[in-house]
Amino acid sequence: MEAIDGRAPFIMIADGRGSLFVPSGLKDAPLPTHYEPVESPVRNPFYAQQDNPVAKKWEREGNPYHEVGDPRFPHVLTTYRLTEHHAGATPTRSVPHTAELQPEGFAEIPPELADQLGIETLDWVVLATARGEIETKALVTERLRPLEIDGRRIYQVGMPWHFGWIGYATGDIANVLTSVVGDPNTSMHENKALTCSLRAGRLPRPRRSAA
Amino acid sequence: MIRAPETGRPRSPAALFGRHRERLPAEPEDYRGPTYYGQPALKPSPWTWEVATYMFLAGLGGSAQILATAADLLGGPGARSVVRHGRYLAVASSVLGAPLLISDLKTPGRWYNMLRIFRPTSPMSIGSYILTTFGGASALAAAGQVLADRAGGRDHSMLARVAQIPAALAGAGMSTYTAALLSATSTPLWAAEPRLLAARFACSAMATGAAALSLAEQSDGGPANSRTLDQVALAATAAELAISVASDRRQRERGVGRPLRQGGWGAAHMLGAIGLGAGLPLACYGLNLVRRRRSRALSVAASLAVLAGGMIMRHAVLHAGQRSAELPGEYFRLTRSAGR
Amino acid sequence: MTAVHPRALEYVDSELDGVIPDESELTAGTRIEPGKSYGFFTDTTLCIGCKACEVACKEWNALPADDMRLTGMSYDNTGGLGANTWRHVAFIEQISRNGERATEMTPFQSNWLMMSDVCKHCGNAPCLEACPTGAIFRTEFDTVVVQQDICNGCGYCVPACPFSVVEVSLIDGKAHKCTLCYDRMKGGLEPACAKACPTDSIQFGELSDLQERAERRVDQLHGQGAASAYLYGAPGGPGATGGLERLHAFFLLTDEPEVYNLPEAPSRPANRVAPSLASGLATIAGLGLAAAALLAFAGRDER
């Protein structure tokens, strides 16, 4: 077999090349199409099929999904990484030199939504999804643009998912909010496309941190 | 347990860094350009009340030595008490002042490193040597004075007469170098008008020195001497007031110095340094000039007011200066090039 | 042809040519010799805001962490330079310009400025000129360092610095700031922050080399449409005004200096010593003469 040349990046595929038309090997082949995430504030504008029909779902207690466009969760929520922490971040939150670079968990909120809800940077906010609620600090930023979909304005809220309660850098755990939905082929969970609600304030529970 | 949402917590990043600072209202000449989240662009000096008190003592003692020397060389026999008081005041000020400075050091055990080198670009280095010379020469002059006192007071002590010359020259340095110390920094309030600040400190030094000596004369000496010293204090206080007014106007034009005009230290400066330190004494001195018989009470009141005002002025200038370093607008007003 | 550090010549040539690095590769091609002037050129258009420089500096110098508190200043939770922080990455979001939100990020991070701030190691360093103990001195590499065994914490360097760099630590009572990794340079290594920087935003080298490189870079950026790029701290330019001569750690910036918390036209505090002393002494002389006259007249009246 010929060796794969260095410019073919799909190393798990025999010829190293990705394809649009995949005759075999994928459960949702042969052609890609647009599906909305399992949790979405809008109907799929292209097809009657809302989301991926072969996505792996675990419909059981503790992992509820909600209907499309559920008014309880109008905003799009995504989770992402920060440079200063690594994944679950137990090592980087426990080392002072990296912990002080991002010492507390936060959620990034567009200014339009923040103004509507009366939220300023460093205020406490509560994020809720169908699975649960957490409290975190707000960082109001223009880097999140409102989406105009189907004549509706939909806001995005973003949250780094590194934080937990052990170590110098602490914060509520973003994975409380995520849903267990798996990619049909890889089972990779869909935790960067969620819906949420947002409100100013804190959760009524005993305080762990001083501030 | 359900708790109510928190209120009144600090919002601005500037307020988060520990210190709860009063907000100073904006003025027309204020900086309106960009800052980095309102963060300070300078660090304030880490000095405390000890340095401000030392500045007061240095000016007072240095000028007292100058007055004592002038009285010794030019004054009549009635002025011997001025000479004596002045020499003792001078040495007392350095004996009290030096430990204050050492105590302000954050590693006081290494205080002697101040004399490790001489750096002409550093008023603190220059001042260390001025203080050493002044302290040493004043001590010799005071020692000579003690000998003269023991011997019955009529003998003029040769030791004191010789030592007083370098002591008086160093005393001139003591009265002014502390202003150079403040001005040779980037702190806006201190760096904006170095000449006016130095002139102000010099006037305050002479006024407080004369006032202290006048008080001493009222209690143990001649009221006639007090009259002369009050005239000196009047001249110095009037000059200081004029310089303060000029300095305030200049700073307003340049958009700096808000912490000395507003807020807590602004009030302390206006009431303490200007009102108590200049207004009240000038009124008292003025009244004493026009009266047929000098009032002892007015003289004493004026002297005390000058001393209190001088002390308050040093503290206000120090603390307001430290505050001005934390206002990015003040600094950028000074450092923006013309036309921006 | 990369320069070879004299120490490397002591070793036999490696059999694995190119696999074991030459000494000069450890110093990014710079030869570190006493007697030459070294510094940093920080090209902020290359900075990705990773803060590797902050961490590398803290690790190498064993510095404690500062406040553990979210500041709300974009991704900058450090705030500024100080006794325990000798490299500080500033973040300035400029997504909106003139009220319009950008829909595309223009190149060279013009919408999210990132800048790694450091001690400027000024040519006529105000901290050095203020230091009365001689603790702050100029090294053989033309950098400015605080000797920890001499400093007595007088704190005069702190307000002298026009860039808010040096600070007296409350933990040990002495002044601290970036040493330009004096210890690493003595060992033939480039400073930790320059070594760690993944994009070579922080470039270490001889000042003349850096200046040349920086000027070429500014021209290149202007040619590519980034007209707002300029050098801060180069001789004759902003940041190196008022008698400071030049900043050995100079920057390529794309917005006004105040946006990055830098003064446009700082001045050398030592220039104020002579005018202040002259004014003060003249005033004392005038008042002293007046006092002398008053005392003389009073003495005459007595006799």
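Going in written order, the chains are labelled A, B and C, and every chain counts its residues from 1.
Here is the rule we use: a residue touches a chain if its C-beta (ideal position, glycine included) is under 8 Å from a C-beta of that chain, and two chains touch if they have at least 3 such contacts.
Owing to the predicted nature of the structure, the values given are computational and were not obtained by experimental measurement.
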**Q.** Two chains sharing the most contacts, counting C-beta pairs only
**A.** B-C
Q: Name the most central chain, where centre means the mean of Cα atoms.
A: C
Q: List the centre-to-centre spacing of chain B and chain C in whole Å, with centres computed as mean CA coordinates.
A: 33
Q. Measuring from the mean C-alpha position of chain A to the mean C-alpha position of chain B, what distance in angstrom results?
A. 62
Q.
Taking the mean of the C-alpha atoms as each chain's centre, how many Å separate chain A from chain C?
A. 40
Q: Mind pulling the residue numbers of chain C that touch at least two other chains?
A: 67, 69, 72
**Q.** For chain A, residues that touch 2 or more chains besides their own
**A.** 121-122
(Q) Can you list every residue of chain B that touches 2 or more other chains, as numbers and ranges? (A) 16
**Q.** chain C residues within the chain B interface of the complex
**A.** 67, 69, 71-73, 79-80, 82, 90, 92, 126, 129-135, 150-156, 158-162, 164, 166-168, 170, 172-174, 238, 256, 258-267, 269-270, 272-273, 275-285, 287-288, 290-292, 294-296, 298-303
Q. Any idea which chain B residues touch chain C in the complex?
A. 13, 16-17, 33-37, 39-47, 63, 66-67, 70-71, 73-79, 82, 104-111, 113-114, 116-117, 119-126, 128, 172-173, 175-177, 179-181, 183-187, 190-191, 194-199, 201-203, 205-206, 210, 224-225, 227-228, 231-232, 235-236, 239, 325, 328, 331-332, 335-337, 340
Q | Contact footprint of chain A on chain C as seen in their complex | A | 48-51, 54-55, 58-59, 64-70, 72, 74-75, 77-78, 93, 95-96, 101, 103, 112
Q: Within their complex, state which residues of chain A touch chain C.
A: 82-84, 96-104, 106, 121-122, 137, 139, 141-143, 145, 168-169, 211
